[in-house]
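The structure under discussion is supplied below as structure tokens; questions concerning it will follow.
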Amino acid sequence: MAESYAVEHEASHPGLQHHFANMEQQREAGTLGMWVFLVTEIMFFGGMFLAYTLYRSKYPEAFAVASNHLDIKLGAVNTAVLILSSLTMAMAVFSTQIGRLRAQVVYLALTIVLGLVFLGIKAVEYHEKYVDHLIPGTLIPGNPFNPHLELPTGVSMRHVEMFYWIYFAMTGMHAVHMVIGIGIMSVLLYFAAKGRFSPEYHSPVEVSGLYWHFVDIVWIFLFPLLYLLGRHLGGHAG
Amino acid sequence: MQTSWVPFVPPSASTLSGKVDALYFYLSGVTIFFTLLISGVLIFFVIKYRRRTPYEIPRPIAGSHKLETLWSVIPFIIAMSMFAWGAQLFFENSRPPKNAVEIYVVGKQWMWKIQHSTGQREINELHVPMGRKIKLIMTTEDVIHDFFIPAFRIKTDVIPGRYTTQWFEATKPGRYYLFCAEYCGMNHSGMIGSVVVMDPTEFDSWLGGNASQQSPAVAGQQLFETLGCISCHGAKGEGGRGPALAGVFDRQVFLSNGQNIKADEAYIRESIVNPQAKLVSGFGPIMPTFQGQVSEEQLMQILAFIKSLQIQTPGAATSGAPPATASPATRPESGGR
Amino acid sequence: METFVPPVPSRINYLNAQYGLKSWLLTKDHKRIALLYLGSISVFFLIGGLYAMFIRLELLTPQADLLQSTTYNKVFTQHGIIMVFFFLIPSIPATLGNFLIPMMIGAKDLAFPRINLLSWYIYMLGGIVTIYALLAGGVDTGWTFYTPFSTTFSNSYVVATGLGIFINGFSSILTGLNFIVTIHTMRAPGMTWFRLPLFIWSHYATSLIMILGTPVIAITILLLAFERLAHIGIFDPAVGGDPILFQHLFWFYSHPAVYIMVLPGMGVISELIANFSRKNIFGYSFVAFSSLAIAVFGFLVWGHHLFVAGQSLYAGMIFSFLSFAVAIPSAIKVFNWTATLYKASISYDTPMLYALGFIGLFTIGGMTGLFVAALATDVHLSDTYFVVAHFHYIMVGGTLLAYLGGLHYWWPKISGRMYPEGWGRFAALIIFVGFHLTFMPQFILGYMGMPRRYHVYPPEFQVLHVLSTAGASILGVGLLIPLVYLIWSMRYGKIAEGNPWHLPGLEWRTQSPPPTENFEYTPIVTWEAYEFAPPEEMQVVGKFRNEVVERS
Amino acid sequence: MSEHIVSRNVYLIIFLSLMVGTAITVVAAFQDFPGPMNVIVAMTIAVVKATLVVLYFMHVRYSSRLIWVIVASALFWMGILFALTLSDYWTRGWL
């Protein structure tokens, strides 16, 4: 803490940066920094959640029809994969904290693999949407939004398209975060394999873990909002 | 153009303008008072307590809770008086009176298209009678515009995909500016026109001078037939597979989700372009959407027709009970849950 | 007065510790990064000022003679975008804040020096993308990017400009993040929250807005760009979207952004008022907490931009009420600054002139905000020149004056040289006069009904426009004078001592310019904020060095 | 501030609860509850799951008060964004 009156620079640990007084201060700054960053992430996704809320309340039928066309099995499996990856991430932090460095490497590698599995399943889903002409607007040139959906009377195709636009915006933005997360994990894995982290210096692992869990939380909300709401109105589904 | 005898104030030509001016003068007075007060005290202190010797250290003063309270509470009270005054005036003027004459306005890059209920059309000019309440029902074909008449102190955005309204009662004959106040692209500053306030008798003869044009309601009736609305709603809006439309305007509608809503312009428009949004209780989701199939002007004509149906069922508004032709879905305002 | 000999400053400082372009472009020193920002925002200010000049010249006559409509629309749009996103928002935080926050709290650097450098590069990247958009053809949507004009109807470089602003947003986020963490974790021993200079409090509040608001504009601009590129609608009514949602999201950031601009200015003014009157700030805690109150309330009032935009009547009333509430913390600040001067020892140095000017202009700017917060008058005034005048009083009269005042005040610390005092006072006076002449007529124009963003206007407005243009010329000259003499002083100015104004703040208790790690020893703070003492007690080798020795 | 090391069993329990939550929310989605109950059920489960992740995986339960304040303020500002924007949409029809 700043109040610890540590005046002389501790030269003890190679991980300590010159402008911090000690490891404790450095760790605190890192954790706090990540939390503040996550606040910005919450607000970033918040804008999209707001758009979703508004349009879902405006066009409930269209959204139910569109939502029922998503693959609930793949969505649920992906949710499980991501939760499992959160567990392996937490275990990676845990292993570092208690100094089991081999386990730490294994858990980090597992986290990366699970992240890749998630992205793979996501890619399969995106491909299905591509084949079904469910990609909105002219995002993919030459493949305009033109699904063969049976729409209940009065439901505008345009509003179904809007659901898919929100779907792609939100899951796409989430996937971008996953890619960044996997990148961070790979760097961590590299340094972990070189034995950089230890119980005294595990702050990078811990801070990256916070980010990973946050991405998981976003998905925990996306899954019901995009895949589940409207299932009970199953009759309308095309 | 008309000018005002008060310097720096635009001509005042509606029942509202004088009230807005009064609030404006109050706000200006408070602003000038506080600006002079603070500048005066500042200048006095700066001169009186100027530095006299290079290293002098004045005695520190920590602060005063009494003063802090004083100069939080007094500004708050003044601010609330401004809020209340402004809100009350705004509230009063946001609800168009029932007996107002309706004029349809469609904005488009970069002109104003205006149609009177008799069918008379104008572009970038709006002729209105003095002393009568006028309600503008406005929308746009492209981007957001804003219908601004400084002499009346009114302004409202004109928004694609929905209706906005504003109303006024002109008090002085003359020719006043009409501006587009929301930036709308290349020729934004060319999207100006004028409002001509006329003597009521003069206005009536002006309106009658071009009576050959079809009124919006008649045009709306034709659309009602060609678009096939009559097959469900009936030729006179008496209803059938779809809810009855005669007499529905401005009354409470009971929805299938258990809520009540007033059938105003916005609701009728929504029911045409997005019929499933607020289904009338007792009717299935069988109406197709007309989004993108009718132009803004056509929508306004259909709206005018539906409104005119109300007049053709006399007694509905006064009896308090639903007219025989109306579906069970329409209920008098007092019967809402 | 007893005389004392100031200690001989070490000749090594942050400016000459290393040489070469690389030592600047790869620096992690917050002071050097502040200078990088100072240079780049000055360039953007000049570009934005150039656009302002074209606007004022065109408006001399009621016809379109200098610029045609498409050009004029681009010019005012680009004036707004450059000034708001690339000058005003980073102005005080990224330069003065960056330079001073670690020094004022007794730290060696910000918590994340690399992120600090990164934020400058992101800022430059955003700036370059935006400049590219301007050169490639410009953008004509107004800085507000209202849909559906920006998504469907405009034929200009909306996506590229949006991308520039999107990128730039991250620079703002990272700066805010760095400040918050630094203020929380890097304070020197003894530097408690209530010993912090008010500059720090206001930067803390600013950083809150930066991290909470900026992400929302980022996602909004991103959605807008996709809507434009792929013809899919979140905001386009043609496909069921709602253009008002865009306005909500846009103003959720862009109204608090006004406080990002003015709060740091208020922090600077608190420093100037206290230090040039040698008095502690009257009601320190009220001024400190009013900064936080402004940051929080600032997020509750965005809907007053939508009073005539088709927002519901009731939402309008809520927003109007909250907008009046946010006036109170600002009023508290003005009253406390004024009260600070009571029985003080006031000097007439240039920074103090700017501070006094600020209070006057901010009072007018703030009070005219009440006209547009009141619903009935806002109906008449919104989107007229009244609004233009109002926010220029806040942004130019507030932020710019505070920025210039702060720059003069800390110039000896930053450059190690004094600016020429006579020229400084002269320029301050010219700017004050020119400013009033530019924007006072615009209030009147606004009430008379002159809409903003018009380059062709009815002839009866001409007299006031000519006055405004005349004022703008004076203002322009006034702004060029400091540019010239500050550059001049870097080489020819009088050498500044460590504490030329004899002030107690930590940033003055080290040499000018400071060494790379700011202090020779970690200071231990044993005094309150604005606790004035005889000069020899506030020296480079003050009591804190002895204490360090005692403790180690 | 000495840090708290969460035990492995806690992590496992949380993981299992999250999986159970996922299963329940999928099953519940196919039931036709009256009115807006489907949304409420789905959102409640999601909030509970997110809370578990935040408290245990992200160690907030064992963190300083500052972290709590940060998390709370993020939610508060999300609340502002939603509440005031929706206050416009929900009162559009009133007059």
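We just call them A, B, C and D in the order they show up, numbering each chain from 1.
Criterion: a contact is a pair of C-beta atoms (placed from the backbone, for glycine too) under 8 Å apart; a residue touches a chain by one contact, two chains touch by 3 or more.
The model shown is predicted, which means the values in this text are computed figures rather than measured ones.
The chain occupying the central position, as judged from C-alpha centroids, is C.
By count of C-beta pairs in contact, A-D exceeds the other of the chain pairs A-D and C-D.
Each chain gets a centre from the mean of its Cα atoms; for chain A and chain D, those two points are 15 Å apart. Spacing of chain C relative to chain D, judged by their CA centroids, is 37 angstrom. Distance between chain centres (mean CA atoms), chain A to chain B: 45 Å. Computed from the mean C-alpha positions, the centre of chain B lies at a distance of 41 Å from the centre of chain D. Shown for chain A are the residues in touch with two or more other chains, namely 28, 32, 36, 39, 42-43, 46-47, 50, 54, 58-59, 156, 158-159. Within chain B, contacts with two or more other chains are made by residues 94, 274, 291-292. Annotation for chain D: residues touching 2 or more other chains are 66, 73-74, 77, 81, 85, 89, 92, 95. Chain contacts in this assembly form a complete graph, since each chain touches every other chain. Touching chain C in their complex are the following residues of chain B: 1, 3, 8-10, 19-20, 23-24, 27, 30-31, 34-35, 38-39, 41-42, 45-46, 49-52, 54-64, 67-68, 71-72, 75-76, 79-80, 82-83, 85-87, 89-91, 93-94, 109, 142-144, 146, 148, 150-151, 153-157, 159-162, 164, 177, 179-190, 192, 274, 291-292. Chain D contributes residues 66, 73-74, 77, 80-81, 84-85, 87-92, 94-95 to its touches with chain C in the complex. Taken together, the chain C residues at the contact with chain B in this complex read 1, 69-70, 73, 140-142, 144, 146, 148-149, 152-154, 237-238, 240, 242-244, 277-280, 282-286, 307-310, 313, 316-317, 320-321, 324-325, 327-328, 331-332, 334-336, 338-339, 341-348, 356, 359-360, 363-364, 367-368, 370-371, 373-380, 382-384, 444, 447-449, 451-458, 460, 502, 530-535.
The touching residues of chain C, when paired with chain A in their complex, are 107-113, 115, 173, 177-178, 180-182, 184-189, 191, 211-216, 218-220, 223, 226, 230-234, 239-242, 245, 249, 517, 521-522, 524, 548, 551-552.
The part of chain C that touches chain D in the complex is made up of residues 184, 212, 216, 244-245, 248-249, 252, 299-300, 302-303, 306, 311-315, 318-319.
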